[in-house]
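Common to both upcoming complexes is chain A, partnered first by chain B, then by chain C.
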Partner chain A sequence: MSPTEDVDAYVLRLRRQVRAAEVQLRDLRRQLVQAEKQADEARNLNKNHDRGLPFAQQSKRLAVLRNIGQEQGYEGHTNGTEDRSQYARSKRRWPLRKEEYKRYGRQLIMPEIALEGQLRLRSCSVLVVGVGGLGCPAALYLAGAGVSTVGLVDGDTVEESNLHRQILHSTEKIGMSKVDSAAEQLRSLNPLVNYVSHREHLTPQIALQMFDRYDLVLDCTDHPTSRYLISDTCVLLQKPLVSASALRTEGQLMVLNNPPRAAGDVTGGPCYRCVFPRPPPAESVTSCGEGGILGPVVGVMGVLQALEAIKIIVAGIPKPFDADRNIDISTVGREEASDASAPTQDPPSLLLFSAYTSPPFRSVRLRSRRKDCMACSASATITRASLTSGSLDYAQFCGVVNPVSVLEKDSRISANDYDAQQSMLEWFRQTRGSEVYGAMTDTIVDVREKVQFDLCHFDRAINVPWSEILADDEPLKRALEDLSARRQITVVCRLGNDSQLAVRKIRELRRRGGAIGSVETDDSLVMDIEGGLRAWTRDVDPEFPEY
Partner chain B sequence: MQHLAQTTSEKELTSSSPAPMPGTMSSARAPPGHFTVLYFASASSYVKKTSETFEAPLPAAKLFDVLEKKYPGMKEKVLSSCALTVNLDYIDLEEDSGEGQLVLQPGDEVGVIPPVSSG
Partner chain C sequence: MPDTLDITVEFTGGLEMLFSNQRKHAISLPSREEDGNPATIAFLVRYLCQSVMKDRRKELFVLDDTVRPGILVLINDADWELEGEDKYEIQKRDNILFVSTLHGG
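Up next, the complex of A and B:
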C-alpha cells in the first residue's frame, strides 16, 4: 500500500466515523426533544393546576407525572394540599409568577402591554404555519413575549440553504425536522411557553382540527395553495390571521379576518380571497429557492408578523362563536376578551416592504369583505365539509404544475447520457477530424436567470433567461437564428423544469416558421437535460457548484 | 374623488423627501398631465422597472389594456391576479367600473401589486 493510499484510507475511516457520530448526535437530539416535550407537558399541566385551572386534566397530569417519575408526592398528599393552598394564596396576590415579572418586565412596564396584556398573552395559543424565513423570527418573538402556546407546523427538514435566513435553525441541525429544531431553540429561549409540534405539511383534511385549539394563526408558508387554505380555515373557525410573505427584496403583510366574524357578517375583516380573489398563474409562482431571498427582508416580515400578533392578542381576541352548534365554544381558562365592546380595530391594510425603493414601506388601505367572496361573504361556498372531505382542490384552484412534466421521456436526455454523448463527439472530432463532427456540436441554451448563469455554467452555453422567454419570443429567436450549422439544441436549467417549458417553446417557434437550428434540426433534436444542473452535479461532475 | 385631498398631502411629503438613490424606485412627482404606476414583485420583474408614468386622465378600467399593449402577455401572466391601488387605496376594477367610474388623474399614484406567496 502506498502512503497516499494509507492517507486515503484514513480519510475514509474518519469520514465514516464523522457520519456515524452525526447520526448518533441527531438521534440524541431527537430524544432530547421528546424528553423535553414530556417534561414540558408535565410542567404545563402543573402550571395550569397552580392557577386553579382545568381540574379535568388532573388525571392526565398524574399520568404524565407518573410517566416520567418525578415530583411524586406533590399531588393528593398532605403536603400537596399545603402546596396548593400556598399557590392559591399567591395566585390571589400576584397574578403572574415571580420569574414572569422578571422575564417580561421590560414589556410589562409599557402601558400598551401592562399586566392585563401579559395575562392575555399568557393565555393565548398561537399557531405558526411554516417554520422557515418568516416562521422563525415570528415564533422567536412570540415565545419571547410569553404566549401560552406556540404551535409549529412544517413537514420539511433543515437544509444548508435555509440557514442564512431561518434563524432558529443551525448548522448542526441540518437534516433534522424543522419543527423539532425550532422547538429546541425556542425552549432554550423561553421554557415557560408550551410548544406543540406538528411535523407535517398542512392539508385541507387536517387543517380544521389542527387550527381549532389555537386562538390566532400566522401564515408563514411559501405557496399560494397554503395561503388560500389557511385563510379559508381561519374564516371557518373565526380566527384572526396574520399573513406575511417575502421574495427577493420585497415583502407583504396583512392582518386578515380581524375582527374574526362568521361568514356573511360584514363587520368581519377581509380574508385573503377578498384581497387576492384570483391566484397567480401557476407558472409565474416563484419560490425563494428559485427567485432568491435576502435574509433580513424575510426577517423583517416575520418580526412584523409577531408584532401584529402581539397587538391583536393584547387588544383581546373576540371569542369564536360556533354557528353550527349555536353555542359559545370559548375555551376554559382563557382570559376573557371583550366582544361587542372590543377596542377599536385598525382598519385593514396591506403593508408593502420593498428594500430597494424609497420609501421602503407603503401601507395600502384595504376594503372590507368582498360581497361575493367564496369564503367570507353571505354567499360563501366554502364549508367545513368541503374542506374535510377534500372536495375543495387547492392545487387545482391554483393550477399547480408540480413538478413540471410537459416533455415525453424520449425528448429528454439524462445527465449521464448527455455526458456520454458529448465525450463520444469529442473523441470523433479528435480522431476523425472536426469538419464533419464539428458541425455536430450542439447548442447549449441555459435558461436560468443571468445572475445564476454567472455563478456557474457550461463552457459553450448561451444564456437566455426563462423570464425573458416568457415575456417575449424575440430573445430566444435572436439567440438561435445564427446557429444554422448546428443540429442539436440542448436546453438546461437548474432543476429541469423551465428547460422543459423552453424546449416546448422552441418547438412552437419552429412550427411557426422561426429560423431556429439547422435544416436538419427536427423536434427530436431539441431536448433538455433531465433534472438540470442539479442532476449534472449529482451524476456527472460533483465539483459543479450546487446552490 | 374623495381621496384627492389626502393625495395632495402625501405628495407634498414625498416631494420634500431627499432624492432617492440612483437605481431605486422613485416616487417623485410625475411630469404634468401624467400619473405614476408603481410595479411590485413579479410585475416589476415583468416590466423590468419599478415605476413609470402614463398620460392622464385615463379611466382606471382601461389601465390593463394600456399595460397589455406596452407589455404583451402581461394581462394574463401578471395583471389577472394583481391587486390594484390608487393613492394607497385598494380598488376593485370590476366593482368600480359601473356608474361614475374611476378615472386616473394627473399626479395619481397607482400600485400594481401581485400576490407574493413565498416566505
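Up next, the complex of A and C:
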C-alpha cells in the first residue's frame, strides 16, 4: 500500500466517524426535546392535581354541574348507573366483543398472539378435511382459539371403533354423520365460531370450489389419493396446507405450500408432490384399521396441526395473487403484512413423532420446491381445468389394492359350510369316539398377527402370522411338519385375504415336498374360510369378537 | 482410508419391521464399492438389502434399484435431495434415516 493510499484511507475513516457522531448528536437532541416536553406535561398534570378540591367540594361541583345540565335539558345520569353507558358508548368501540376478551383472555395476554393475533384468528377461515383422529383435536383447538370459520369435510358416519381416538364423537352419535357430530360438539365448545358442514368425500370436481372460501387447509385424511388432491388444490388456490398423518405409535407433520406462492415462484414452500413426486406402491400403504393406532399418538399430531395453523394465521397469511386483476393484495386480518414485513420463514421441515423412541420428537429438513413439480413448478401440468373436469384420476395415480382373489371358488369354504363340517365331526367324536375324530379332524392355521390371534381364535387353531410366512418358509414348515398325510388344512385370517395367499403358499410347499415329506400332492385338502373371521361372526357365531 | 465406515442407519414409519423390528442399526459399511469408488447412498441401499435385511419383501424397500416411492432418505437429518441424492458419498459417523410415509389419520 502506498503512503497516499494510507492517508486516503485515514481521511475516509475520519469522515465516517464524523458522520456517525453527527447522527448520534442529532438523535440525542431529539431525545432531549422529547424528554423536556414530557417533564413539562408531568409538571402541569401535578399542578392540576394540586388544585384538586376536597371530596365534599367535588360533589358540590357535580351538583352545580348537574343543575346547569338540567337547565340545559340534560336528562341522563339521574338514577344510578343505568345511563352511564351513554358516556362509555360514545367514547370508543372495542375491537373485540366483551365475551371475546373474557373467552380468549389467556391467549390474548401472550405477546405471541395479542390483540392483533386474535383479530387475525377472528378473520380467518380454516378447512379441516377429514374429521377423524387428526381432524377432531385439530378442529377443537381451532374452534377454541376463535377462528372465524371452521369448515368440516367428511363423508363417513361415526363408528364404534372410531371413539377411542376421534374425540369429538361420542357413543350416542354412532351412525350419525361425522361432520354433524363434530359440528354439534364444536358449537357447544364455542358458539362464536361459524361451522360449515361438507357431508361428502372430497373429489377433484368439487375441491376447488370448496377450498376457495377458506384461508388455510388442514389435511387430516388417511389415504395418499386425498393427500395429493388436497395438496394440488392448495397450490392452485395458493393456500397454505398443514398436513399430518399417524399410524400405530408414530406420527408425521409437514407445513406445505408456505408461503403459498403461485406455481413457478421458487420462493413458495414445497408442496406434497415436491416431497413425494411418486405415490407409494398401493400394497405398502397401511391403514389404521389394518395397522392399528394409539389414540394419543394421532391426538398429538392433530393438536400440533392446530398449533401450526394458529402460528401461520397469527403471522399473517398473504392473500392469493389475483391474476385477473394483476394486483397482490395484503393479508388476512392486517394490511401491512405483505412480503416485506412477513416474518422470516422457517425452512421446510418434517416433524417425526415416535411414542416409543427417546427422544420422541425429531425434526428433519425438507427440500424446497421441485423444479419439475407437476403442481407447483413453472412447468406444472396440473391446472384448474384438469381438476374440475375430472381428467386427473387420483385413484389410478396412487393405485388400488384389489381384494385378493387368487383362489378358485371351490378352493374356499364358506363360514356356514365350515360350521356344518365341524358340527358333523363333533357328532362323530361323540358317537364314534375320539380316535375316528382325530383322524378326520382338520388343522386350523390362523395367519393373523400374534396380537390379533391372542385376542380371539378357534380352539384348535395354530398361529403362523402372514408376515412370518412372507419373511421365511421355516415357520410354516415347522408348523406343518407333523401333519398326517391326508389331513385337511383350513386357513383363516381376519377378512379372507391373507388366508388365500397362505393357501397358495402351503400348496406350493407341499408340492415341493421338502420338510413336509411324503405328503401326497392334494391341493383340495388345503382351503381357506371365505370372508375370514368377520364372515364367521356375521354368519355363524355373533358372539365371536369382531374388532 | 480405513476399510470400513462406521455409520448409524435408522428406520422409521414401519420400515423397521423389514429390518428385524430394530430401528437403529450400527453399520460398518465397506468404505469402497466393488469397483473401488467411494461408498455412496446407492451402495448403502444395496448393502442393506443384501447384508442386513432378512425379510424377503425387498419390494417394500427398493424398487428399480433405488428406495421405493414413499420413502424419504435423510442424511444427517436433511433430505437427501439437498445432499446429492444417492450419489452422496458417505462419511464416517453419518446418520442415515429412512422414513416411510404414514397415511393414517
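Observations on the model:
Basically, the second predicted complex is superposed on the first by the 342 of 547 C-alpha atoms of A that agree within 3 Å, B and C clash if a C-alpha of one lies under 4 Å from a C-alpha of the other, contacts with A are read in each partner's own complex, and residues count from 1 in each chain.
In this section, a contact is a pair of C-beta atoms (placed from the backbone, for glycine too) under 8 Å apart; a residue touches a chain by one contact, two chains touch by 3 or more.
No experiment lies behind these values; they were computed from the predicted model shown.
Overlaying the two complexes via chain A brings chain B and chain C into a clash. Of the two partner chains, neither chain B nor chain C is touched by A:Glu481. When the shared chain is aligned, chain B and chain C each come close enough to touch A:Ser287. Looking at the shared chain after the overlay, A:Glu159 reaches neither chain B nor chain C. By the touch criterion defined above, A:Ser358 reaches chain B but does not reach chain C.
Once the two complexes are overlaid on the shared chain, A:Glu116 sits clear of chain B and of chain C alike.
The intersection of chain A residues touching chain B with those touching chain C, taken from the two complexes, comprises 130, 132-135, 220-224, 227, 244-248, 250-252, 275-276, 278-281, 284-288, 291, 293, 298, 350, 352, 354, 357, 362-367, 467, 470-472. Those residues of chain A whose C-beta lies close enough to touch chain C in the complex are 130, 132-135, 219-224, 227, 244-248, 250-252, 275-281, 284-288, 291, 293, 298, 350, 352, 354, 357, 362-367, 467, 470-472.
The part of chain C that touches chain A in the complex is made up of residues 12-14, 17, 23, 54-57, 59-60, 63, 68-72, 74, 77-79, 81-82, 97, 99-105. Residue ranges of chain B in contact with chain A, taken from their complex: 17, 20-21, 23-27, 40-42, 45-46, 50, 71-73, 76-78, 80-81, 83, 85, 88-90, 92, 95, 111, 113-119.
Chain contact summary for the complex, chain A toward chain B: residues 130, 132-135, 220-224, 227, 244-248, 250-252, 275-276, 278-281, 283-288, 291, 293, 298, 301, 350, 352, 354, 356-359, 362-367, 370-371, 467, 470-472.
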